[in-house]
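Each of the next two complexes has chain A plus one other chain: chain B in the first, chain C in the second.
On to the complex of A and B.
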């Protein structure tokens, strides 16, 4: 049953299994284990980014395609939901059609870009997506009549998902059972579901063919698989998943703006998460997203301490200043591409032998 | 056996086909003409055209290194933007030291200060290019996926190092006296600095063309683009050649950074990745690996960006993407495909 749920793709390493279980339990009971607004925010971000990073891994790790337009699809999903909610009011119907519209639009965009530029070279696709994504970000911030420009959109979501809604009057285990909690569990279960769907996709015959195309496109073509078709389908699937993750973010934050969905920084974050976690395995996305967001939230505090401790040494203290955490993750990123391209998960699996 | 000698018969290419092959060269004047028709007012058209050419030349300076590196060694450097930014920061630092020279009205001192700034920037970025090639790029030759990732990582680290060295704030500097102000032609006002940029860009293009077409190094580079293994088999160390080209490309990015910085008068650590979008569009339009294509693409992007910024400001960046799409529909490999799709 469990193996079937995971589509036969078990973690294949006892340590990895333990870590994944810890992550799962922590996320599933986050509101009770770590009370407080900040930790709940962090947990929800981790859930959403697991989906987002896994969908990127579908493209990068399984299909071997580098895209810089992933935040664009993420943003399309978020804006789709946001616009629907602000235009037709906070109902579940508008939530549903906004999400659907975002996903369809992302699919159409991905199809167009894929058919257009996947015929040539991987590098070509990377460059085209970079250009298109930045143009899209500029477009969104300029169409302020529709998207709210740089300020983004604030909107209401269905009342049952807001802190104002009380499910049970008294506290359970010292935690208020309110709409925020429901929203968190909506995000959690939707993320878990999407993750399992992606696991299903990559372990299907389609996923296997995708890996064959990645490893040797020429041979896959010779055997009779239509390489362009497989690559384009992978692009479309990953775009739809990213758009759905974007919708989750839109519901969770009740705000959508360019900085939270479309910026190049987020694209780089996703890239770091995939590579540090491990390319070509969806569990890598779980570890990468979890570690990265924890680092983003808490490493800066740690570096603040280190910076104070070294404040006597002028250059070193700027190197470990809290704002420079990306520097160290960048170094880690480069090192991990060289020395363990299969990321943390690959390391753990290799250590088992 | 008959002793008829074999005479090669060279068929004359029909005129229509010749025209079709030369068509990319015509694109820039055609675009300028279209701009004139759309804008209507010759004075503002002249101003915009010079601005567009200046912008195009600066983009060309930055893009040329990238495209030659790609053509020669099949390496695309996503960290190229870091060299642009670092070049600009080094140049600005030098100009700030030489404030006495840049503020004096003497043209000679002004020129001298800018020259020193450019040389310092090119030296630093060239050396950084050496380190970048040795440390970051060398282990991943032949693996596109890793190249993209690793050079992207290099870009992140380099951008953060700019913050560490120069602090998080953007830098401002005003152009030297000699480059300030405009020349007036009838009703059209043309900034002096733009003319300087056009001059430098044109000189650089001609020099690059000369080196590539008429010198031994250029011959080797072109041969390397065509067939690297053969060049190695003939006894040339293509790796060393590549290192030189990489360093030159990085130094050119530094030069472009200083010029772009002086054009904008404000620089940030993120300027590199912002400008890389334009550089990539230009490289794609021109055809990966082609210097001529890159030149034409850069001029077209510069002109189009300025015309649309005047006619319809909101679609300025979209217009360059649209240009890229149109060009790729017409020639899927860019204007002058040099490197065969691998």
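On to the complex of A and C.
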């Protein structure tokens, strides 16, 4: 039953299994284990990024396609939901049609880009996605009458998902059971569901074919696979998943803007998370996203503590000053790629043998 | 209808690369159930001729016919669907996947299950069984779990042939299947090709340098030289021709053909 849920793709390493279970338990009970707004924000962000990074890995790790338009699809989903909620009011109907419209638009864009440019060399596809994504980001910031421009959109979501809504008057385990909690569990379960769907896709005959296409497209054609169709379908699926992740973010933040969805910085973060976790394995997305976002959120605090503790040592305390956290994030990334060229998951699985 | 047509035919098939004519008006037909060896010195256009038939290259002029249907304009996978299968001269596999997965992918392509998105690949037991069956035939079953990249060269050659067998096309094209194999591995491949030939439905085209292999297997030999078809006939008479003697028995001062 469990194996079937995981589509037969078990972690295949006891240490990896343990780590994944810890992540799952922490995310599932985050509101109770780590009370506080910041930690809940972080947990929701991790859930959403697991989906986003996994959908990128579907493209990069499984199909071997390099795309720079992933944040565009993420943004399309977020703006779809955001615009629907602004235009037709904070109802579940708006939520549903906005999400659907975002996913459909993402699929159409991906199909067009795919059919237009996947026939030719991989580098050309990468350049086209970069161009389209940049153009889209400019378009969104210019069309401020619709998108709010650089300021983005603030909107209301259905009342049951806001802190104002109280499910139970008393606190349970010292935690308020309010709409924010419901919103978190919406994000959590939707992310888990989307992750399992992707896990199924990569272990389906289609997913196996993608790996063959990645390995040797020439031979894949010679045994009868239409490589362009497979690549295009992978692009579309990955775009739809990214758009759905974007919709989750839009609901969670109650705000959608270029900085939270479309920026090149996020694109690079996604790339780093895939590589750190391990390409070609969706579990890598879980570890990559979790570690990266934890580091992004808490490294500064951690360094603040370290800096104070070492304030007596002159050079060291400057080195670990909180404002240098990006430097250390970079160092961590270089080290992880150096020591785990196949990602954390690749390393853990290899260690088993 | 199939009676009237040879299974495979090329008419004036030509490809030019700039000023160089790699395959020059080759017209030739192949009958069902025959094994034709294609010989010629290095650079004669044998592999290019194969590429034109299986579609990796498109002809400058001329046409390719399969069962009386022109397939000249079709893509590689379309030709594969219609029954043309190819094993490559340079080993051309899926290196990061296991040996079994390589063959399973072929079985999956043949069963047209590639676009199945929501079932678990491993649950299609018949594809795995088919893969294992073919792997036992080429005696690779003990290596089924290994990654292809970790496989010795000889075994990769066997797997190359295994993929073609798993595809089970009407026309099988082997491009030097025994190249680089150790002496004791060659008979395994020869035996397999003979077995395929015995099955009357299969038409085999074989590019091969080893004369003893050709003598054992071929019903007919065609000779390509500078892209043109220069000889076509029974093995004994073709082997006796001066041009073949030159290319294969080292009578000419030019580089000797493979001695191995």
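Heads up, the rule we're going with is that the second predicted complex is superposed on the first by the 314 of 353 C-alpha atoms of A that agree within 3 Å, B and C clash if a C-alpha of one lies under 4 Å from a C-alpha of the other, contacts with A are read in each partner's own complex, and residues count from 1 in each chain.
Note that contacts are C-beta pairs under 8 Å (C-beta built on N, C-alpha and C of every residue); 3 or more make two chains touch, one makes a residue touch a chain.
If you're wondering where the values come from, they're calculated on a predicted model, not measured in any experiment.
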First (chain B), second (chain C), both or neither: which does A:130 touch? first
Check whether A:200 is in contact with chain B, with chain C, with both or with neither, and answer first, second, both or neither. second
Return first, second, both or neither, reflecting whether A:208 touches chain B, chain C, both chains, or no partner chain. second
Looking at A:233, would you say it contacts chain B, chain C, both, or neither? Reply first, second, both or neither. second
Counting only touches as set out at the top, which of chain B and chain C does A:7 meet: first, second, both, neither? second
Please work out whether A:77 is in contact with chain B alone, chain C alone, both, or neither, and reply first, second, both or neither. neither
Determine, under the contact definition given at the top, whether A:218 touches first (chain B), second (chain C), both, or neither. second
Decide which partner touches more residues of chain A, taking chain B and chain C as the two options. B
Does the superposition put A:114 against chain B (first), chain C (second), both, or neither? neither
In chain A, both chain B and chain C touch residues none
Once bound in the complex, which stretches of chain A touch chain B? 60, 64, 66, 116-117, 119-124, 126-128, 130-132, 134-135, 138-139, 142-143, 264, 268, 271, 275, 315, 318-319, 323-324, 326-327, 329-331, 333-334, 337-338, 341
Where on chain A is chain C touching in the complex? 4, 7-8, 200-201, 203-209, 211-212, 215-216, 218-227, 229-230, 233
Contact residues on chain B for chain A in the complex? 70, 76, 78, 136, 139-140, 144-146, 148-150, 152-154, 156-157, 160-161, 163-164, 168, 273-274, 276-277, 280-281, 283-284, 288, 314, 317-318, 320-321, 324-325, 328, 332-333, 341-342
So in the complex, which bits of chain C are touching chain A? 54, 56, 75-77, 80-81, 86, 88, 92-97, 101, 104-106, 108-110, 113-124, 163, 167
